[in-house]
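Notes follow once the structure below has been shown.
For reference, chains read A, B, C, D, E and F in written order, and residue numbers begin at 1 within each chain.
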Amino acid sequence: MQTHAKKLLVVITEAALEKLLVRDLRRLGAHGYTVCDVRGGGERGERAADWEADRSIRVEVVGDEAVVAALVEHILATYCANYAVSMYVTDCGVMRPHKF
Amino acid sequence: MQTHAKKLLVVITEAALEKLLVRDLRRLGAHGYTVCDVRGGGERGERAADWEADRSIRVEVVGDEAVVAALVEHILATYCANYAVSMYVTDCGVMRPHKF
Amino acid sequence: MQTHAKKLLVVITEAALEKLLVRDLRRLGAHGYTVCDVRGGGERGERAADWEADRSIRVEVVGDEAVVAALVEHILATYCANYAVSMYVTDCGVMRPHKF
Amino acid sequence: MDVVVLFFLLGVAARLAGSDLRLPEALYEALSIYLLLAIGIKGGVELAGQPLATVGPQALAVVALGVLLPLVAFPVLRTVGRFNRYDAGALAAHYGSVSVVTFAVAVTFLAGRDLEYEPYFPVFVVLMEAPAIVVGIVLARAGEPGRRVAWGALAHEVLLGKSIVLLLGGLAIGWIAGPTGIVPVKALFSDLFKGVLAIFLLEMGLVAGGRAAEIRRYGAFLVAFGVAMPVVAAAIGIAFAAVMDLSAGGTLLLATLAASASYIAAPAALRIALPEANPGLSIAASLGVTFPFNITVGIPLYHRMAAWAGVPGGG
Amino acid sequence: MDVVVLFFLLGVAARLAGSDLRLPEALYEALSIYLLLAIGIKGGVELAGQPLATVGPQALAVVALGVLLPLVAFPVLRTVGRFNRYDAGALAAHYGSVSVVTFAVAVTFLAGRDLEYEPYFPVFVVLMEAPAIVVGIVLARAGEPGRRVAWGALAHEVLLGKSIVLLLGGLAIGWIAGPTGIVPVKALFSDLFKGVLAIFLLEMGLVAGGRAAEIRRYGAFLVAFGVAMPVVAAAIGIAFAAVMDLSAGGTLLLATLAASASYIAAPAALRIALPEANPGLSIAASLGVTFPFNITVGIPLYHRMAAWAGVPGGG
Amino acid sequence: MDVVVLFFLLGVAARLAGSDLRLPEALYEALSIYLLLAIGIKGGVELAGQPLATVGPQALAVVALGVLLPLVAFPVLRTVGRFNRYDAGALAAHYGSVSVVTFAVAVTFLAGRDLEYEPYFPVFVVLMEAPAIVVGIVLARAGEPGRRVAWGALAHEVLLGKSIVLLLGGLAIGWIAGPTGIVPVKALFSDLFKGVLAIFLLEMGLVAGGRAAEIRRYGAFLVAFGVAMPVVAAAIGIAFAAVMDLSAGGTLLLATLAASASYIAAPAALRIALPEANPGLSIAASLGVTFPFNITVGIPLYHRMAAWAGVPGGG
């Protein structure tokens, strides 16, 4: 199995940001993204998803290190001050490098 | 924390493939799998999950490198030409190696 | 992109354990967690989520190696004998290390 | 056969034929919330003006019935069924507790035959949820003096679970609002009841049909127990009804409650309080065998049994 | 314009205006399950006491209509539309099969005008689901003798899919229960039918409105086909209805079934059986063009066409 | 107490008792879509044949009321409450805007007492959604000339949000269909309204009950504001109603709209347009304090206040 090294960025944040994040990541060069509805808790308390304002999403982006770095930078600067945001990055390998 | 090295394969694809993929991965030696409903976008456009044909799933399989490689091979050969499919692989560690 | 090394623990288990796990992970020092509803199959058969007792969750915790190790230990000792549980650990990098 | 039962059979048939048809989880949840509330409300409205002097002793008898049934089931499961203590305790708990949907089908059965019953019966449903679960756990844990049961967590799980909160809440709402106060919500909670029950039964049929392979795996004893236990329980229920001096309709309802096996409250509680028990086993028996048996064959049979036992106005 | 169509237009307008309004997926699922069951039940209840001698030959004619329509569409799509064989086959399959919701809107149209129709029409809906899908696949695969179609999997997908299971199941329930047996569930399945249809049409409007960009991308031919094909198909349907000796209402319904394009059963089946076809294309045409056309302009037009063709009692 | 309010109290009680009961998110969504549409449709049907000459000036007054209320609230929040400008602006926006469900409870209150009101009131609900949100944001941003507000995005969020699209859409459908055209969907949108409202209130009770800890954390001022502000706003609303020459029922409705605080449109809009504000604060106040206060104590109180103020036919 021959794979090509990419980065996987996972962002867990408020559902209200979904539209904004998708627009941003497209603009910053990501080729795609995947969103999933989640609930959870962190610094900013429990987000039990039992009310519209309490819903959270988990956004996953596979991309080149540069794209992921730009995205991370942008999210830190734009959203982290005022929104519940968690982010982490892992290494990953893909089969068709042009896709990501 | 002593862990045993395994591979994690993540496949994001059309919901229509769920049954087929589960059958395939069982046949190719995976001991288990986890599926989650997602939405997203990529090469083949937005899959907003607002219509039956537009639903996507995220399938996660932890297994030995050989099993994951066989699965990747099979998916590339069988589904990638005609379906929206994204795949990536990461390293992971498990506690009970016989399980995966 | 400067990141700080952390561990990501993923636990896939029965929905009945959600409340217990969240309580446990808070107690053992995790700063947060994210939960997602999933379905799947493994050693203990298919969990198709078509019935209350058949629902599964996927819990994600990012934390220091020590916290994750303690959590893994606790889960192995407390739940693995009697519940459907899968766990794996991967390396990950975070931007704001104090958060996790 | 009542039309609602046909929906159940459709679900079973679709699943056995291999259809992937499934109702969304949220719909299943919504329907079960509706049914519990509606049953509670109906009972509550009629509770106004009931002589509590009668209900009190009857309520005690109903709790006693809930305690007795698992005590009957457990030894059979241990000796004839050769189950380990955990599985035997769990099964005993399921069969001593009750199924609200089976109760609803029995109420529909009575309505189709214009048979009256004590209107405060939903109170009995609430009272029979918990006792058998406690008894089943005690039986399973009896041989392990070292292990302590987290009774607090268990009480929380059962008493504050969906079934009891919504049934009791509905009872309270119906009782406070009374026959005139409830009118604004009747179009939803009363007129649509049987239609909603029908859709819920379709889903139950799909789930029950999906247990076929599991039932085959667990073998003949489980099927035999899943059929015989409700009949025995119904007979005991009819005896209790006679002592409690219930109407013909009430006798059928008590027999049905005794015969029915829980598949909502009990599984949830036992997964936490008795994790050693195999949850697939209890669900296969209660949902895959006993539930279908009760709503197709059982209820009419218990109606007959009541008549044989000399209940006036019985089948 | 019937009130239910206004809900569709609201959905389209909201989406075109850029609103993010969406109905939860589970609600969409729940409503579609309800509609299929309700349509089936209604037909089943009236099926009791129908002379099967009449229905038999008519049923054959309906299947023939389902086979014929894709044969008409395919060459046009290949030559004029210049689609590859897969896309042409898929589109032909969609347009030969039927849309249950379009059918429901036509039934509402008749009800508003007190026009009678053959009560067993839901049987025809079931019969027209599958044939065109098979024909469309055969047409697409004809040039590839090496490729074999997994007919077993396809049959499973179509015959055990949501549409046919629920329509047939509803028919069976209605037929077994009969006019009196069905009474307990009428408040849900009959009284609420049009309201539920309205909400479903709101969702359809949102989805159809969301296809605007895609339709623009696929170009003028697709729009022209999406409007012309249903009109031609309706004319063929009216001719069949004349031969079958259907009532005025039945003629409109058969014209509408012919004119309608599938967007539930066909897409699901073709994604598995004809993966080379672009699913966006068929959905854009059937849901984005033909469905709106049929429920706003088409149904009244086919009513007129039937009158022109001399159907007694037509518009 | 109206029966629908009992459902709210059941939700609060269940949550405070520690029950995990929750309605599925999709059900909550479905019910809120239904309620908005149903309220709109009802208003739209009655709008036909209303003299627009009267409605026009009243509409202007209603917008003025929406602008005035946050201007009253903001200085109090800044000085007495010592909130930062963002939180003060956000709270002011929530309290100037409206709660559709509180409005629905007030309508139910009137129906139970056979009191008439201007049938076009849903138009006022639409008109009062947005102005206070704009004013609240302007107040919060006033001290920061450097920051520009993305008014376009805000307009999109508010005007094309669920509340306004469905209310306006319902109004349009009701208005176009008229009293006879609407008949086919009445069984769903009219007969079931109060039952659906009851279940929605159960969910609101669960959510409100879940805010108890948060409310305690934010302290006494928030609770005092959450009770006093609606009473003051209701008084202002009654004064406006007198000027606008509204009926007794209309006076109560306007008082209720003034007193009610938004928890759907405002939170969504402010999270985007005023992210510095703590969303938990506004929700705790509007949903945890003001909503329960209004539907239990407030509405009857405003009815009395209107009578004291000399509105004929008032409580």
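Everything below uses one rule, namely that a contact is a pair of C-beta atoms (placed from the backbone, for glycine too) under 8 Å apart; a residue touches a chain by one contact, two chains touch by 3 or more.
These figures come from a predicted structure and were not determined experimentally.
Asker: Going by the contact rule set out at the top, which chains touch both chain C and chain D?
Answerer: Common contact partners of chain C and chain D, which must touch each of the two, are absent.
Asker: Moving only between chains that touch, what is the shortest number of steps from chain A to chain F?
Answerer: Minimum number of steps from chain A to chain F: 1.
Asker: Go ahead and note the Å separation of the Cα centroids belonging to chain E and chain F.
Answerer: The mean C-alpha positions of chain E and chain F differ by 41 Å.
Asker: Rounded to the nearest whole Å, what is the centre-to-centre distance of chain B and chain F, using the mean of the C-alpha atoms as each centre?
Answerer: One centre to the other, that is 46 Å.
Asker: Distance between chain A and chain C based on Cα centroids, please, to the nearest Å.
Answerer: So the centroids are 19 Å from each other.
Asker: Which positions in chain E are in touch with at least two other chains?
Answerer: Counting only residues that touch two or more other chains, chain E contributes 20, 24-27, 192.
Asker: At least two other chains touched by the same residue of chain C: list those residues.
Answerer: Chain C, residues with two or more chain partners: 36, 90-91.
Asker: Examine which chains touch each other and state the graph shape they make (line, ring, star, complete, other).
Answerer: Contact map by chain: other.
Asker: Go ahead and list every pair of chains that touch.
Answerer: A-B, A-C, A-F, B-C, B-E, C-D, D-E, D-F, E-F
Asker: Taking the complex as given, what residues does chain F use to touch chain E?
Answerer: Within the complex, chain F touches chain E at residues 24-27, 29-30, 33-34, 37, 156, 160-162, 165-166, 169, 172-173, 176-177, 181-182, 184-189, 192.
Asker: Quick check on the complex: what are the chain B residues that touch chain C?
Answerer: My answer: residues 1, 3, 6, 8, 22, 26, 31-36, 62, 90-96, 99-100.
Asker: Please output the residues of chain F touching chain D within their complex, sorted ascending.
Answerer: 1-4, 6-7, 10, 13-14, 17-21, 23-27, 108, 111-112, 191-192, 194-196, 198-199, 202
Asker: Report the residues of chain A in contact with chain C in the complex, numbered from low to high.
Answerer: 12, 36-43, 56, 58, 65, 68-69, 72-73, 76, 80, 86-91
Asker: Using the touch definition up top, name the residues of chain F that touch chain A in the complex.
Answerer: Spelled out, the residues of chain F in touch with chain A are 22, 25, 206-207, 210, 264, 267-268, 271-272, 275-276, 279-280, 283, 287.
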